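You will see subunit A twice below: alongside subunit B first, and alongside subunit C after that.
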Partner chain A sequence: MHIGDGLIPLEQTIIYWLIALVFIAKSLEWARKDLDEMKIPMLAALGAGIFAIQAMNIPIPWGTSGHMMGAALAAIILGSPFAGVLLLTLVLVVQGVVFADGGITAMGANIVNMGVVGGFVGFYSYNALKNSIGMTGASFAAGWLSIFIASLVCAVQMYFAGIFPLWEGLLLMGLYHAVIGVVGEGLITAIALNRIMAVRPDVVSEKSIPGVGVAA
Partner chain B sequence: MKNKNIIIAGAVIAIIISVMAPFLASSNPDGLDMNLINLVGGGNEEHAEEFIGERAPIEYEAPMPDYSIEGMGKLGEVVAIVAGTLLMLGISLGLAKVLGKKQGT
Partner chain C sequence: MHITLYDIERESYKESLLHRMDGRIKMLMTLVIIIYVVSLPRLDIVTIERLGILWLYLVALIIVAGLNPVYAAARIAITLPFGLGVSILQPFIRQPFITEFNVLYKLGLGISVTAEGLLFGSVLFAKFMVCVTAVVLLSSTTQMRDMVASARRLGLPSELTLLFSMMIRYLFVFWGMLRRIRTAQKTRCFNIWNKNVPRRWILEQIGYSISSLFLRSYEQGERTYYSMLCRAYSADSQICVVTQKVGASDYMMFSVTLILIGLVQFCI
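What follows is the complex of A and B.
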């Protein structure tokens, strides 16, 4: 759901950039406080992995397709929604500047959708569910919800931009991404977390292990 | 330092995905583009592109648009995506090292 240049009016793109910059500043603060010898290599591995998986569009019905965002997975593994914000910001900069995937003026709006909404919805829904349904179920739900909600926010942005009618935009964006989210975000998030827990459980933030509170 | 293994494992998985992506990834328009084609272009992809092109506030030419290198076909796509993956690995590792805690060895 990378928004290209030319869709959102310039003055609106500035508002999204300002919102994005507030969260980017917070994410840099998080990185300074939280990145230790374990999380530094994990952030790099996630950065490369998220970029690669975003190139893998999965086909869905109606002749369309979609790919993972990865913000939920990053937030769960590194134990902060700001991990999703920081990594998706870097990914969107590289995609926009080098590959013309997502606009330059629209980058702020894309960071708000995929980084901020993706990271925060993913992190908090995972933490709300991890103790009741376990890590695998919670990570699936968090992944699915993160892309579904982000797509609705994108539809609202397109409505404010005068591009989509509100209800039709919400309905179609929600429908497409509800389907994309099952395999494209939910399943991949759950499998990745499950495999990492099997091989190196020590690299997963203790905040994301069931039984530990978010504030711990 | 065994944590180097995390970077190596991540890089290997990411490069495998990058090499496979041009062959496996769906070339169908994504959810947003599909909506643009239907709601803005009246079902026609070119109409949608024209509409967007006329409104674009800046002209920016990315070096490898659409994850491809002109005239290099699938190989170009593999090279482009692998290059992007390695660039992301370098940028995120560099940033994390600059910002992260300096711990005594």
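What follows is the complex of A and C.
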């Protein structure tokens, strides 16, 4: 889902960058205020961790392997959509600048679809569902929805860039990610969250534990 | 060839005219090239000629920098699939911003190749290729910590600088951890495609590895944070960045690049 440089016209990349910058600024504000004192350094190691997590091969149907995005998992555990935005931004910047994966001008668009959409969809869908269907079901749905909606946004971005027809793009990107998202993002988010809950429940934000927090 | 963080780091520690350049100048140079490339008209055959010259210039710089050619080619090749895929589709698509199409071949089933689509696809691919090459050159000639320090001196906010400078330090820690997890799994004959064990079990193992990576990075963050506190870190702490003066050769490289872009823009 990493859109590269040269595919999106310059004026559109500026718009995506501006949107991304607003959310990055907001996520820094969240880190400063909500993350106790100045725990910002903690996020640096987590960014490196998510980077490694994204390199983990996951078997998906048709014999191809996929990768996890991790925005929903980070947002759920740290209890804020902005955690997903900030961590994915760190990862995408390193991928774009060091690995040439995702581009420089197009980075704003990638931060918008994976970080912002991934983090927000993941966090709010989890919170909407956690009290009715429990942690496992909600985290599965949140992981799946986060990558599915992000892929639709990516298809719309490609349509605006003039490089892909709208309906075919939505259908192709949507279907593909809906299928690989079941295993790659949904199941893995649910398994990992369950495991972390069992091993170190104190790490998981109170807001994300069913029965308390936002939706309660 | 499989490219890892280690390969990129090894190349960036080499010695050459480009490696010695000031990080800020290299980053600005890359940015100027990329912005110029992205801003070129997308339906103009001349764009391809311009991009061709810029690409040759970047390849020449890769040679001057003494990068391993197999490494450089592999770095570019692994990033291509997305851009190549999008570009290859263009001749078959009716782009909404193009009003008139000249059909070159009819393939039946309502699919046809258009001249405009072919040109558009070629321009897209050429743009993508030049940008990727520029970033490969930058990242192979600049150490990551130099990039962070340079970004700071170019105005990156101090909090983000802190995050990035610490993150790149731990990238290698967790990359190594990922490698150890994989090695350990291999010694136990773990294979994600093994048909003799339930798929569910395989996915659980991957989920556990991912949760372990998450927790270990979280705990590493905690430990580092507490040790920083012990060393009197506070919200007002200043980050110390390595400083380097912009020298004559930096100005020269930057001017050469700007002049080349000027020539490409106005003489072709």
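Everything below uses one rule, namely that the second predicted complex is superposed on the first by the 191 of 216 C-alpha atoms of A that agree within 3 Å, B and C clash if a C-alpha of one lies under 4 Å from a C-alpha of the other, contacts with A are read in each partner's own complex, and residues count from 1 in each chain.
Basically, a residue touches a chain if its C-beta (ideal position, glycine included) is under 8 Å from a C-beta of that chain, and two chains touch if they have at least 3 such contacts.
Please read all numbers here as calculations on a predicted model, not as lab measurements.
Undergrad: Just subunit B (first), just subunit C (second), both, or neither: which does A:Leu187 touch?
TA: second
Undergrad: With the two structures laid over each other on chain A, which partner does A:Ala55 touch: subunit B (first), subunit C (second), both, or neither?
TA: Once the two structures are laid over each other on A, A:Ala55 reaches both partners.
Undergrad: Tell me which partner A:Ile77 touches in the superposition: subunit B (first), subunit C (second), both or neither.
TA: Touch status of A:Ile77: second partner only.
Undergrad: Now for A:Thr64: first (subunit B), second (subunit C), both, or neither, which partner does it touch?
TA: Touch partner of A:Thr64: subunit B, not subunit C.
Undergrad: With both complexes superposed on chain A, which partner does A:Gly162 reach: first (subunit B), second (subunit C), both or neither?
TA: A:Gly162 sits against subunit C, while subunit B stays out of touch.
Undergrad: Contact-wise, after the overlay, does A:Leu172 reach subunit B, subunit C, both or neither (first, second, both, neither)?
TA: It touches subunit B, and subunit C stays clear.
Undergrad: After the superposition on A, what does A:Lys39 contact: first (subunit B), second (subunit C), both or neither?
TA: A:Lys39 contacts both subunit B and subunit C.
Undergrad: Show me the subunit A residues, by the header's touch rule, that subunit B contacts in one structure and subunit C contacts in the other.
TA: Common to the two interfaces on subunit A: residues 2-7, 10, 28, 31-32, 37-53, 55-59, 63, 65, 90, 94, 96-101, 104-105, 158, 163-165, 200, 203.
Undergrad: Which residues of subunit C touch subunit A once you look at their complex with the stated criterion?
TA: 5, 8, 30-31, 34-35, 37-39, 42, 75-76, 79, 82-83, 86, 89-90, 93-97, 124, 126-132, 135-136, 138-139, 144, 147, 157, 159-160, 162-171, 173-175, 177-178, 192-193, 199, 202-204, 206-218, 220-222, 224-225, 228, 233-235
Undergrad: Which of the residues in subunit A come into contact with subunit B in the complex?
TA: Listed in rising order, the residues are 1-7, 10, 28, 31-32, 35-53, 55-59, 62-67, 86-87, 90-91, 94-101, 104-105, 151, 154, 158, 163-165, 168-169, 172-173, 176-177, 180, 200, 203.
Undergrad: In the complex formed with subunit A, which residues of subunit B make contact?
TA: 3-4, 6-7, 9-11, 13-15, 17-18, 20-21, 24-36, 38-40, 52-58, 60-67, 80-81, 84-89, 91-93, 95-97, 99-101, 103
Undergrad: Please output the residues of subunit A touching subunit C within their complex, sorted ascending.
TA: By the definition above, subunit A touches subunit C via 2-10, 13, 24, 28, 31-32, 37-53, 55-59, 63, 65, 68, 73, 77, 90, 93-94, 96-101, 103-105, 158-159, 162-165, 183, 187-188, 190-193, 195-196, 199-200, 203.
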